[in-house]
Amino acid sequence: MTSIEKRYQAFCETLPESVDVEAAKERLLKQHVETPSWGYGAMGTRFYTLHKPGAPRNVFEKFEDAAQVQKYTGIARSVAIHIPWDKVDDYEELKQHAQSLGLSVGAVNANLFQEDDYVWGSLTHPKAHVRERALAHLAECVDIMNKTGSTILSLWFADGTNYPGQDDFRARKHRMEEGLAKTYAMLGEGQRMLIEYKFFEPAFYHTDIPDWGLATLYAKKLGPKAQTLVDLGHHPQGTNIEYIIAILIDEGKLGGFHFNNRKYADDDLTTSSINPYELFLIFNEIVAAEQDPAIELDIAYMIDQCHYIKPNIEAMIQSVVNIQTAYAKALLVDRKRLKEAQENMDMIEAEECLVEAFNRDVTPLLEKVREELGVPANPRKAFRESGYMARIIEQRSR
Amino acid sequence: MTSIEKRYQAFCETLPESVDVEAAKERLLKQHVETPSWGYGAMGTRFYTLHKPGAPRNVFEKFEDAAQVQKYTGIARSVAIHIPWDKVDDYEELKQHAQSLGLSVGAVNANLFQEDDYVWGSLTHPKAHVRERALAHLAECVDIMNKTGSTILSLWFADGTNYPGQDDFRARKHRMEEGLAKTYAMLGEGQRMLIEYKFFEPAFYHTDIPDWGLATLYAKKLGPKAQTLVDLGHHPQGTNIEYIIAILIDEGKLGGFHFNNRKYADDDLTTSSINPYELFLIFNEIVAAEQDPAIELDIAYMIDQCHYIKPNIEAMIQSVVNIQTAYAKALLVDRKRLKEAQENMDMIEAEECLVEAFNRDVTPLLEKVREELGVPANPRKAFRESGYMARIIEQRSR
Amino acid sequence: MTSIEKRYQAFCETLPESVDVEAAKERLLKQHVETPSWGYGAMGTRFYTLHKPGAPRNVFEKFEDAAQVQKYTGIARSVAIHIPWDKVDDYEELKQHAQSLGLSVGAVNANLFQEDDYVWGSLTHPKAHVRERALAHLAECVDIMNKTGSTILSLWFADGTNYPGQDDFRARKHRMEEGLAKTYAMLGEGQRMLIEYKFFEPAFYHTDIPDWGLATLYAKKLGPKAQTLVDLGHHPQGTNIEYIIAILIDEGKLGGFHFNNRKYADDDLTTSSINPYELFLIFNEIVAAEQDPAIELDIAYMIDQCHYIKPNIEAMIQSVVNIQTAYAKALLVDRKRLKEAQENMDMIEAEECLVEAFNRDVTPLLEKVREELGVPANPRKAFRESGYMARIIEQRSR
Amino acid sequence: MTSIEKRYQAFCETLPESVDVEAAKERLLKQHVETPSWGYGAMGTRFYTLHKPGAPRNVFEKFEDAAQVQKYTGIARSVAIHIPWDKVDDYEELKQHAQSLGLSVGAVNANLFQEDDYVWGSLTHPKAHVRERALAHLAECVDIMNKTGSTILSLWFADGTNYPGQDDFRARKHRMEEGLAKTYAMLGEGQRMLIEYKFFEPAFYHTDIPDWGLATLYAKKLGPKAQTLVDLGHHPQGTNIEYIIAILIDEGKLGGFHFNNRKYADDDLTTSSINPYELFLIFNEIVAAEQDPAIELDIAYMIDQCHYIKPNIEAMIQSVVNIQTAYAKALLVDRKRLKEAQENMDMIEAEECLVEAFNRDVTPLLEKVREELGVPANPRKAFRESGYMARIIEQRSR
């Protein structure tokens, strides 16, 4: 018996009887977290962008970095791309490059915020020619989905205004609805669009889709191929995100996540780095739904982070591991005891079911999962010791 | 020509040509702001409740105080009631008392938060007998609407939980939906229910209807007699409330307001006392919609304030006048110039249309309106000089 | 070897070499968390107060309940009192009652917010006679300290205003400074005053001591017997409280804590129930200072919670255990590795030092500590099974 | 009598007797608002920077644009510079260029955030050589002050960390204090340093000087040449900034302002564009202090805005005018009546003193002031009609 197996056995003995650890392990073996191509490049604040040696110079190198995350975690086998940042002449080549690395192309993220025109809006822009240009870009994105086998169109609109009076709110809403409907019509079989919301920034006075409420209202009008995308950093302070997750699950509209964390504004920090309990509570809702026969889930778990200072690949491994940890802890909640406590209106007992699961050190389970996945027990350490960073710093500076 | 007339004439000359001041005046003459019966009584913080001499001892005295607000402002001719705080044996008597004072009974506000059972929820409570009790209370409220001629059932749910795990979010949602549907079925011809939302408090971990998104999702499922109620103090910091108003108007779901203001949490301060520009921007959306033939509005303008220290009647007059002022300023926005500026994407010019309207001193117009309404030019001052307070302090201390 | 001992030995083997677990255990054996007398009574929101069977009817019963927390945790051997809520004729009797229960009287909390006059301020009140009354109350509190052997005067001022213009800010500041100086002069040898700050509530527009900055500015002017009191719930959202702790430690002004937690406003929730990582990071600063020979600490660790729905004694045990857990985790941070990582500017490695310590399940250490303290391994469970609640519900309803 | 004079006379007649409008006019004639060189260039969000035709290509052109603001407002006669953005070989030339335009060089703003090293801190950096480099930059700034006649060193530190554990809080504090002391020692006669604070961003976990409390604690330790700099956008939501102003005035530590406004985060919007009442309340504290013989003020009124989309010069004129308007309104508060109301504890009357002053349309007074200053009655309109923008767009695109 390996030491991992031994620790796992000992771990299993500490679990409550009603917890099915084998089922949890199966779930963990199938877990899939998508990393974003842009998370491997240099990203900055509005004040400065740090020069990072070894930063990838194109989308092919970004996929190579992403392959490292997959190599060491085993659960990060797709990569979201961002158009036009990741635009290439030959998407077949990109698709094959991905496959050769054991990866696939994940969500296609449209970029409707990096042209002069778009500072006034994209689908909501007052001028028809700009809206048409935005739609042409979205059509291009769907085309790339078709070429790369991607099934998700990821839509974040930076649309908004900076000052009262700048534009007519209801007119913008009508334009947004019209543009979304046209985009929806572009989607093929098995494809879906995820509508992201954001409370503030980069528009400073109003954001055209500020909250889950409006994103979901639009998704409901559009139809089953449209769902809501929850970026953890895009809420007002004090928001109960796990409750929003429960609502969206119940409405069949939880399309996916953009994982990250923040202290004050939308800081795109490492997932779980500020409030790990919150991430656990989010996964607690998901696990409860997974175990509810009345619920069907099809959630895209995607990371969206901006590693300003941290070394990108390590930070991404850290994030994937944090998400894995939160999921593992949530899978081991004693749901039988929780349900009983809730039925007895025994709130301390109910709370302690969650606290105990959160406080549990799930390392033995994760090591076992990693063994079965054929990846190192400590992904970050193994990556660090691999010498990959030194290699690319040398190669990419040539 | 009276001095009011003279000042009004001079004022009119300062207005842009495209502003129709007579139309504005007509709107102001028809404005209607409902005051709440509970705003006349002593309300406190969780730490203390101040003893206020002259505070009304029953709903009849509350209506007498409300009649003073109507007497001095001329636009506050209905009074919202709160059950069971305003419960009486004979609602016909209450209705006639109101009429004798030139008032009518406005919205009926259900109270589902002042019993031991309700700390765990009302319509969302895990136990069926509590949910049934809540429904019985709502049926009682609709009965009171029938007896008093009220057309609005005002629904604020304090429902929520205080700690993670306390209850099952989705189960609570199902119970809420079931309860709302049963309530909806109670409504008669010409009656509607307004669903209020609140981001936090008194539940400390999650609120069952935390935002406009969920309130409106429910209202949409229920049907045309259900709409959303916007309490200005119930949003996270930084929320663009005027944008929510525009969305709700566009969706036909803006049922009404609970007017107040706050600095940090839900402080129930005098409307407009912290950020008068925000109130103006809210009315700016309403006026724009009033002038849009595609839009039908039926908005209940209700004050919901807790006058902790301020003398209640004066504070209520202040609030009514502040709402009147914001509406007057919004009515005088040069919408032709605003529209042109927006079409030209001239954001400073567009913003200045609003700023100029906001900075305009509308006292001459308001004095003219008050003259036509037959109320004093300075309502608060006139009330203060009337001796009413001294009278009731004496009478009600007997 | 007991099973506790066995688990402890196994636990010790998992720790990094540079962590001194025996030293940590010594610290934990000496840990002292004060519980508040008012945390045992029924507390409510501004909307409602739940009736709790068995709630103590006087300060003697509150101490009996507090003795349960001490009995089952072993580290809660003092109780803060609140005057006039806990006023008695004979403080010698109270002191002896406490001693007979194995307790002592902790901080004396002044109450300067529950009289009509105080809605306008206490030490800051515009009228001299109210300020004098407040000072007389403070003198009474110091007298009670003398009689009970308490060394801490705990000062929370609800002082503030509700509307712009209500009072003169600088005049209030002068009055506050004068009042604080007079209070300072009352303190005897070995006594100190802790100045609490609060960002908002119950005053709605401005709070006279809103933040650590002003509390500390006053404490510095007053002298060594004045320090700052940090209530975890009294900060704006997004505040880095652990940084404030570090600053106060460095300035010699960290007098103590009021422990609790909150989701949005000052909700007085169970400590650590919303963001346990934050509590850990706070203790991480304290432990770092404890190990720094340049620093002298004299911190009063006090709980200040309002258990609205939770059963009070269990909730208090939960809080004490959560604080103990956070301290234990912080004591086991590998500070050698952390320091090296910081010196190497290796931010992921440094962060992981904290994350690993936080994720560590410290139950075996805590069970060992409890064994040595002579209390049950699972305090909350043991209390629940003791039948105490049933007993007092019966006794106190007579 | 000119129409301006007529309107002014009519305006004066509407004022309360106890308001000294001539004194107010004198104050307004002497008002001085400094504009920032960087406010004339293209600034962006972290997502995008708009290309603005006509944007100045160097500091000389920035001063030319600033001269337009002075030409049309008459109260913006100095310009803050930012080093190294505005670095020139010959500061005498810059000084004379400024003088030739009727301007002077205002505050010198150090830039300690745009080098790779500084992402870990400047004065707080763990490595001595980086701290020395930061000090060398500060010495260079003081040298530029000496050469240009500037008297203010404006210090904003982007210093902070992004993740728990990244660095040692107290060690950083010690380094900051040491660096500030060395900087203080560089200041000559008549020079001062203003220490800015910021609650968050660009550091995402902690900011080394997060609030007025720490900035002021440092300023007090340093001595009379060190004061606090208040940037209106650098506070948590809900902060009562006018109270901070009152405190700083009372402590003799209000060094100056960075004016702007924000809706959620630090958005650098046009001053007064989101909450004009707040700006008025800030000036209300200043005017009260100006009229208090016990108080000496030396406040630097500086704008710090990032005009992302708005045309820069117009936006700057708008800001200057908004600040002028707020000051004018505050100068016309009936302070006699306010004081009486406060003494009578008549809070509605006191509040109304402020509300009336805020609602007053001060255009006639401002037009009169502008006439005496020799600038157009409507600065923004006059600038727009001047053709300057068309000219520089043509010239600067060559």
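Order as written gives the chain letters A, B, C and D; numbering starts at 1 within each chain.
FYI, a residue touches a chain if its C-beta (ideal position, glycine included) is under 8 Å from a C-beta of that chain, and two chains touch if they have at least 3 such contacts.
Because the structure is predicted, anything quoted here is derived from the model rather than measured.
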| item | value |
| --- | --- |
| Winner on C-beta contact pairs when A-B is weighed against B-D | A-B |
| When chain C is superposed on chain D by its C-alpha atoms, the rotation angle in degrees, nearest 5 | 180 |
| Approximate Å spacing (C-alpha centroids) for the pair chain B, chain D | 38 |
| Where chain B touches two or more other chains, by residue | 120, 162-164, 199-200, 205, 237-238, 240, 263-264, 273-274, 277, 309-310, 347, 351-352 |
| Interface residues, chain B side, partner chain C - complex | 44-48, 50-51, 113-114, 116, 118-120, 158, 162-164, 199-202, 204-205, 237, 262-265, 267, 269-270, 273-274, 308-310 |
| Of all residues in chain D, those that touch chain B in their complex | 237-238, 240, 263-264, 273-278, 309-311, 314-315, 318, 325, 347-348, 351-352, 358-361, 363, 380 |
| Contacting residues of chain A [partner chain B, same complex] | 120, 126-127, 161-170, 173-174, 199-200, 205-207, 210-214, 216-217, 236-240, 242-243, 246-247, 249-251, 277, 281, 284-285, 288-289, 292, 338-339, 341-343, 345, 347, 350-354 |
